[in-house]
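First comes the structure, then the notes that go with it.
Chain naming follows the written order as A, B, C and D, and within any one chain the residues start at number 1.
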Amino acid sequence: MQYQDLIDACQQEWHTYTEHDFVQQLATGTLDKQSFLHYLKQDFLFLKHYVRAYALAIYKANSLEDMRQALPTVHALLNSEIAHHVAWCEQWGISEQDMEQEPEDFGTVAYTRFVLDAGMSGDLVSLYSALAPCSIGYAAIGRQLAHQSTTVWEGNPYQTWLKLYSSDDFQTHVAHGAAHFNKLLADIDLNSQKGQQLIDTFRTATRMEIAFWQQGLNQSGAQL
Amino acid sequence: MQYQDLIDACQQEWHTYTEHDFVQQLATGTLDKQSFLHYLKQDFLFLKHYVRAYALAIYKANSLEDMRQALPTVHALLNSEIAHHVAWCEQWGISEQDMEQEPEDFGTVAYTRFVLDAGMSGDLVSLYSALAPCSIGYAAIGRQLAHQSTTVWEGNPYQTWLKLYSSDDFQTHVAHGAAHFNKLLADIDLNSQKGQQLIDTFRTATRMEIAFWQQGLNQSGAQL
Amino acid sequence: MQYQDLIDACQQEWHTYTEHDFVQQLATGTLDKQSFLHYLKQDFLFLKHYVRAYALAIYKANSLEDMRQALPTVHALLNSEIAHHVAWCEQWGISEQDMEQEPEDFGTVAYTRFVLDAGMSGDLVSLYSALAPCSIGYAAIGRQLAHQSTTVWEGNPYQTWLKLYSSDDFQTHVAHGAAHFNKLLADIDLNSQKGQQLIDTFRTATRMEIAFWQQGLNQSGAQL
Amino acid sequence: MQYQDLIDACQQEWHTYTEHDFVQQLATGTLDKQSFLHYLKQDFLFLKHYVRAYALAIYKANSLEDMRQALPTVHALLNSEIAHHVAWCEQWGISEQDMEQEPEDFGTVAYTRFVLDAGMSGDLVSLYSALAPCSIGYAAIGRQLAHQSTTVWEGNPYQTWLKLYSSDDFQTHVAHGAAHFNKLLADIDLNSQKGQQLIDTFRTATRMEIAFWQQGLNQSGAQL
């Protein structure tokens, strides 16, 4: 099987996730600022556990090659992406201390701990199946928003976000990881017990991504 | 420290959890049937991961005594409580197949995977700190509902639930586990790094219990 | 694939393990008493981690059926087999306290922790592949010793050991577990990445069984 | 407690480890070449699991600070130290392929999997207690050999090894990690349950280091 088989098996959840109102409102610049700020703060808390999940991929690796595949993500997250996220949030008036003190929202807990538990209880390919909706999904969203006519670039307060996920850098990074994931999936039969378990994992992780968008959207009109 | 220190450190969350509207409406028999049915189905999915968490306690144990402390819970869950839950649900018109096919709701994922990850990333006492809000909280709720004047027993459709958690059997079982938990906590200083981490774990688990009640309540008026 | 494929892929190690001098000397009753006593004490320490490994199988299970498959072993080990082992050791003059104070020998550490790590880093079928040499191997040894002409039954000080592992009860218990293992293996291709990893796991676990026999034999002539 | 308390509690094992004949023979240059080659090959296999253990420390971390503490070790191991080890082994006539095909010896399995299991079943400080004998011990050995009069530098075939572990770079790196370990230990009471468990973990890990030296020494006179 290939990662596209996972997407094909979860069409409905995949569309709800990649075409979510939160995403569409980012593209048009109409997203409520409180929704975006909530998302930014929760994304900081998410990133900590995302690092843990890629570290787990090193622990779970069977070869030096697999270890070296996961390391750059751990390294980039801890040494630049989190700092970049903090700097960006400061532009929105959110300090690192604000984010550290922010309680994890339910969707954040649900998504991050699901990935970690699916990875710990399964093997390396189970872990990547739980991680895939995030990386592959954000890349798909980035491409889609870059090409759809309704996306507003000029004056869009969320332009930085749109540029980040549609950038060649990000697309290439995800494509590289997806090719590695395909190698791990290559000789697993879609209809085997393992293949079906991977679909379940991918589907639930995709559903948790939907919950993550939704919890942002639910802040619309809320007071900080 | 003792488990009461954990409760004292999280007073606000503890009250929101143990005095939640879902619980009060169970006590008065006014809870919407759809809310209760949703709760029953999600509780079945919850129980599977609850078994996994107690099995993890055996894996994490340092002594035969600690292993033997966790085993009866695993045994009771797998050999009688889940079957009992299934039989009870059938009385409400929900078959085992219905429950197996029910997707895990976000609060169910959040709570169960949080417990498993807190337990896996920490040690045995971390795991029990994540599990404690469930056992100790349900016992506290059971005692409270049994003694408060507003509880309606006669004709209350949720009488079985009220009787279960206020029963001497349940109270004794929880008291036994809580005494063991206190032994593990005994020489940990509340103000140490570990003590503070256990408070964080207990608080988040309590917050996830609140989300679990709330997701039931949110079904009020919903169509099955 | 089936479990026999794992044995076939590791013919040399399998024979060294199942036909080890330790085993042959048990069969003829010529094994040095110090070797046997060392084995008994280390086996007690082994059993604690063996319980942990079967508890891990419950944590790693994907279904209630898989959980219920592992539970009886955890239950039997904690509630009767360890007690039985202790009682038996007392007949050889070894108290439970002696065994608790005995340092784990290198082969005991190597074997038990290998199983636990292979199980934790892989999935449920990885764990069972690490556990299989013990259960399936002891059953094979029991059958073999029961049928070979060189086995001495009368006056053999190790008769209890021989009877235990050649007993119908033990053989049936292992056959039941092996059938379950075969179901988990059924749709994994022997030549897939996963199939090859399972062979590696099974081979290393078999090599650790050899080390476990050997460390017993090495005590020959040693002072207690 | 501080890490010195762990050493003090395990005086006998610590001396056997840090003053082992393998080490003394390295210092005098009299170590059998086969012993050293066996050690080099097993050390390559050891390093893979050592990376996994430091990745586990990232997974187990409670804060970004703790994650960032472990990352440089993972990074250095995967991106330079293993390559350096491979290059060095080539000078001794051992190719990377030789090392990949070398079966893990029992002492290598015992030590690496013990560390990983102690870390997984305990918390972050448990993991570091299992890792400490390696880093802190090698630094102690390096200092000791640099200062003792019996060490032969000129013409010693193992000079590179001696220089590596007595180097300022290595000593500083270990001192930095040891200071972090002391912060994690700071408010744990030596006589608490946790303190005693950490001593057990440290002692067993030290014993496994002894086994690792010994398995090298046992190759003396062996044919490659």
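In this section, a contact is a pair of C-beta atoms (placed from the backbone, for glycine too) under 8 Å apart; a residue touches a chain by one contact, two chains touch by 3 or more.
What you see is a predicted model, and the numbers here were worked out from it, not measured in a lab.
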item: Count of contact steps on the shortest path from chain A to chain D; value: 1
item: Proportion of interface numbers common to chain B and chain C (over half same, under half different); value: same
item: Computed distance of Cα centres, chain B from chain A, in Å; value: 30
item: Distance from the mean Cα position of chain C to that of chain B, given in whole angstrom; value: 37
item: Chain A and chain C, separation of their C-alpha mean positions in angstrom; value: 43
item: Residues of chain B whose C-beta touches two or more other chains; value: 52, 59, 120-121
item: Category of the chain touch graph - line, ring, star, complete, other; value: complete
item: Parts of chain C lying in touch with chain A, wherever the complex brings them together; value: 59-60, 62, 120-123, 126, 184, 186-189, 191-194, 197
item: In the complex, chain D residues that touch chain C; value: 52, 103-104, 106-107, 109-110, 113-114, 116-117, 120-121, 204, 207-208, 211
item: Touch list for chain D against partner chain A, complex; value: 48, 51-52, 55-56, 58-59, 61, 64, 67-68, 71, 74-75, 78-79, 82, 116
